[in-house]
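Should a chain be cited, it is by its letter among A, B, C and D, assigned in written order, with residues numbered from 1 in that chain.
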């Protein structure tokens, strides 16, 4: 059975940062259609800062929750914007969920993912269907939990999460935005994928790749 | 092909801009040591005065830094381009602006700003600084009247911050400052129109697409789509369309007095703004509304976006007194 | 495809702009009855004071009208876009500005302006108004140093008019006012760079062509070609190139003091101007030159042209006193 | 032998205004290369104003010199710029040259043309070779005078003037500007025709057409 130590978690941030960098232009373009065209910039800035901060830590002497809190703080301070408080809260809640552990087992990893989704929801007060990153994060967390409960193991559970995120993000195209910048567009937001949901897919898929060996 | 900009590194544009601002305005502005994105008035915060902290994303200059000064805001927290500042610099502003009588947070109503300023307010509370928040929601295009609280804050910040800054400078109570700030917001109505996009320094790509003969009515100051896109019309028609929408909300009576701001979103020159103001002033005169004061120029921009906004600020005795209260800020004259 | 503008009829743009300006600034400005292109300060001309008349083509707003006010110019004659006003409105300005102590004509050194202002000066002489002319020639790119008198006047008008306006407001003699105006011009050096063209309201076509990654160093404020065209460089490199050229002329010593203006030609936003000012102030500090005051913004524009200029005004005791002399003009703060 | 009365002179202004209107865009484009792109606008504005003013006169009750002075004044007040004082002075000098006459004979017409050229030169202080409208006007006036002196009649004399203007304007391409806006360009003005010389050709040719029956 997989266990995930602090070094693996640091690697996870490198994986996310790399994936987001590759995705940056697409995310800016999506945000240009219904927002202010900067989502790729914010996400790259945030995850580069998080990666730089956590890879500078001495992994052997650092608990996972400390690393996650450090990631939260550095993401937030580099970014602000909407993504800053949302992802910072995600990682702080993730940290709380694994507090005291020196390494995460499979259940811990899924609990972290669920705590992250809950953190985003608490911070942003968005419900599923309001065309935000929550439309990817909430079903992803739920799918991972269900798969693990059904005894599927971490790799398959994270695959289920990534699939659910993709489906959720796709579904934002048919939604009218009710939160965030795009909420002023009314019907004009229809037909376009929410950039935060799109980047959530990238983030969750990078988590999957780096944690599911 | 990338858009042309006189910058060095797109990722450093905001910090380099701030360095240039501090170098240009040493008599007015200073950075808070250790918190380079927190800019404070050299002459503003003082014991017993309600502190006024404003802020938001960069790219709207002279908003927000232009409003920092005696009689206006005590401090501003500055985010990345079109991105709210994070809580830390906001908190530092709150500490520096606090005179023990409470601190007002004022900023445009955007999800990102609300989350970051709220986090900062929670942190300030832990430092025993009482914070109250007044959001500006003057952009009539961004939500129906019944949902005014959902609207964006745009160029109307000019009047809204001005009123609040005057109230604070007059050493009014926290309750009074808050009341006047809210009232100024309730009395302020803005409509904008965009003709062509800007580009972020990090990407140097146009942030939206628009046809060569199109305009977008109601576009936000970050390029967020507005209420309608259509063929470019004449200045008078555009002014009428914007003003009609404002008047519908404001429902003025003959004899009312207002202040107006005709604002460039960036590259629309003064010639066009004044042509619009000609129509605007004629229309207001026709309905018997008196114009107490007019500002025309680049006050709340979207980098080099082309377009303009009209703001009408409905005055009564106390709002007029707040508007006329002297202030001294770095980048323009406002009182 | 025509460029986009918020105008009505291109041929009426200047008159409609003036109507909008008068509507916006009734406390500062008024038209001379019967001469709509002659704008006069509400509070300026007075007996015994040397009158100051400025003027030139439209499209450079807030130049020239922004400089009309107490402590600055008494009147401005306004031409068509990029075209000198004809003699008649200039003459009307001279009459209105005359306090019996002589009238100074000040404007940028362009063939058209020289011919029209000279004709007006001859006409004024027939009305027993003594006129003297001081041309601004601050654009170092427009002729070699040995032919300074052939240079164009550009954004440096800011400092040159300011000094002359202060001298007149202090009721100095005609000789003194003229001497100080000339001295201010001799102490003022500007370099500009253009990135993209503007378009005239009558044609709505770009007034010059420039490659998507090119800039033109030394371009004039009407789009006249400059000294060299090349690939767009970084803000620091462009600033250095401009400043080097200015310093070569100004030959400052450690301990000298200057005032600076970083000016947008239209659509270049404050962010870029302040990034340039950061470099500029660092460079001046490095050579021990003190900056007494800095202005950054749209002061002398070419409609919506993209680009910027740097002006350095070398101070001594009396020029600093003129710069600091209070003034009250409609469109910006200048003293 | 041709005589030109006030009505014919008014017709001349209509002919010039029409020709310049047709030419406006080309003149703006030429001015865009070495100046400020407005020469066509200024010329159209000036000659429309002059035409409007002179066609409003009662030709039967107006002397040619009065008409020319009226044209000068209205051109100048509509335009300013460089072309305003130059053409206004041209017409005022033309007026002075035919002062007191009720109609112009062929010699008067050529004298008027020569006075116009001289007026432009006095006002602008430009010499031939400095890349201005003088490079068209000066040779045109000279050619007309020579042709008339050689007994060629007005039509041929004005043809000679138009030809000389064309040659002179063409020659400005090889000149470095020493007067006007373009004089700051140095060598960069080489290769481009001076817009004022170009419009002078149009003006002179319209004069030719309307006065040479």
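Just so it is clear, a residue touches a chain if its C-beta (ideal position, glycine included) is under 8 Å from a C-beta of that chain, and two chains touch if they have at least 3 such contacts.
This one's a predicted model, so the numbers in the text were calculated from it and none came from an experiment.
Undergrad: Moving only between chains that touch, what is the shortest number of steps from chain A to chain D?
TA: Graph distance in the chain contact network comes out at 3.
Undergrad: In this assembly, which chains make contact with chain C and also with chain D?
TA: Shared contacts of chain C and chain D: no chain.
Undergrad: For chain B versus chain D, what separation do you get between their C-alpha means, in angstrom?
TA: Taking the mean C-alpha position of each chain, the two centres sit 54 Å apart.
Undergrad: Distance from the CA centroid of chain B to that of chain C, rounded to the nearest Å?
TA: A distance of 29 Å separates the two centres.
Undergrad: What whole-number Å value describes the gap between the mean CA coordinates of chain A and chain B?
TA: Result: the chain centres lie 32 Å from each other.
Undergrad: Hey, which residues of chain B end up touching chain A in the complex?
TA: Against chain A, the touching part of chain B is residues 11, 57, 79-88, 110-112, 115-116, 119, 141-143, 150-152, 200, 202-203, 205, 207-208, 220, 222-225.
Undergrad: Please output the residues of chain D touching chain C within their complex, sorted ascending.
TA: Going through chain D, the ones touching chain C are 25, 28, 32-38, 41-42, 45, 76-86, 123-124, 179-185, 188.
Undergrad: Across the complex, what residues on chain B touch chain C?
TA: Residues in contact with chain C: 1-2, 4-8, 13-14, 16-21, 23-25, 58-59, 61-62, 193, 195-196, 198, 201, 212-213, 215, 232, 234-236, 238, 262, 266-279, 281-282, 291, 294-298, 301, 303-304, 306, 308, 331-333.
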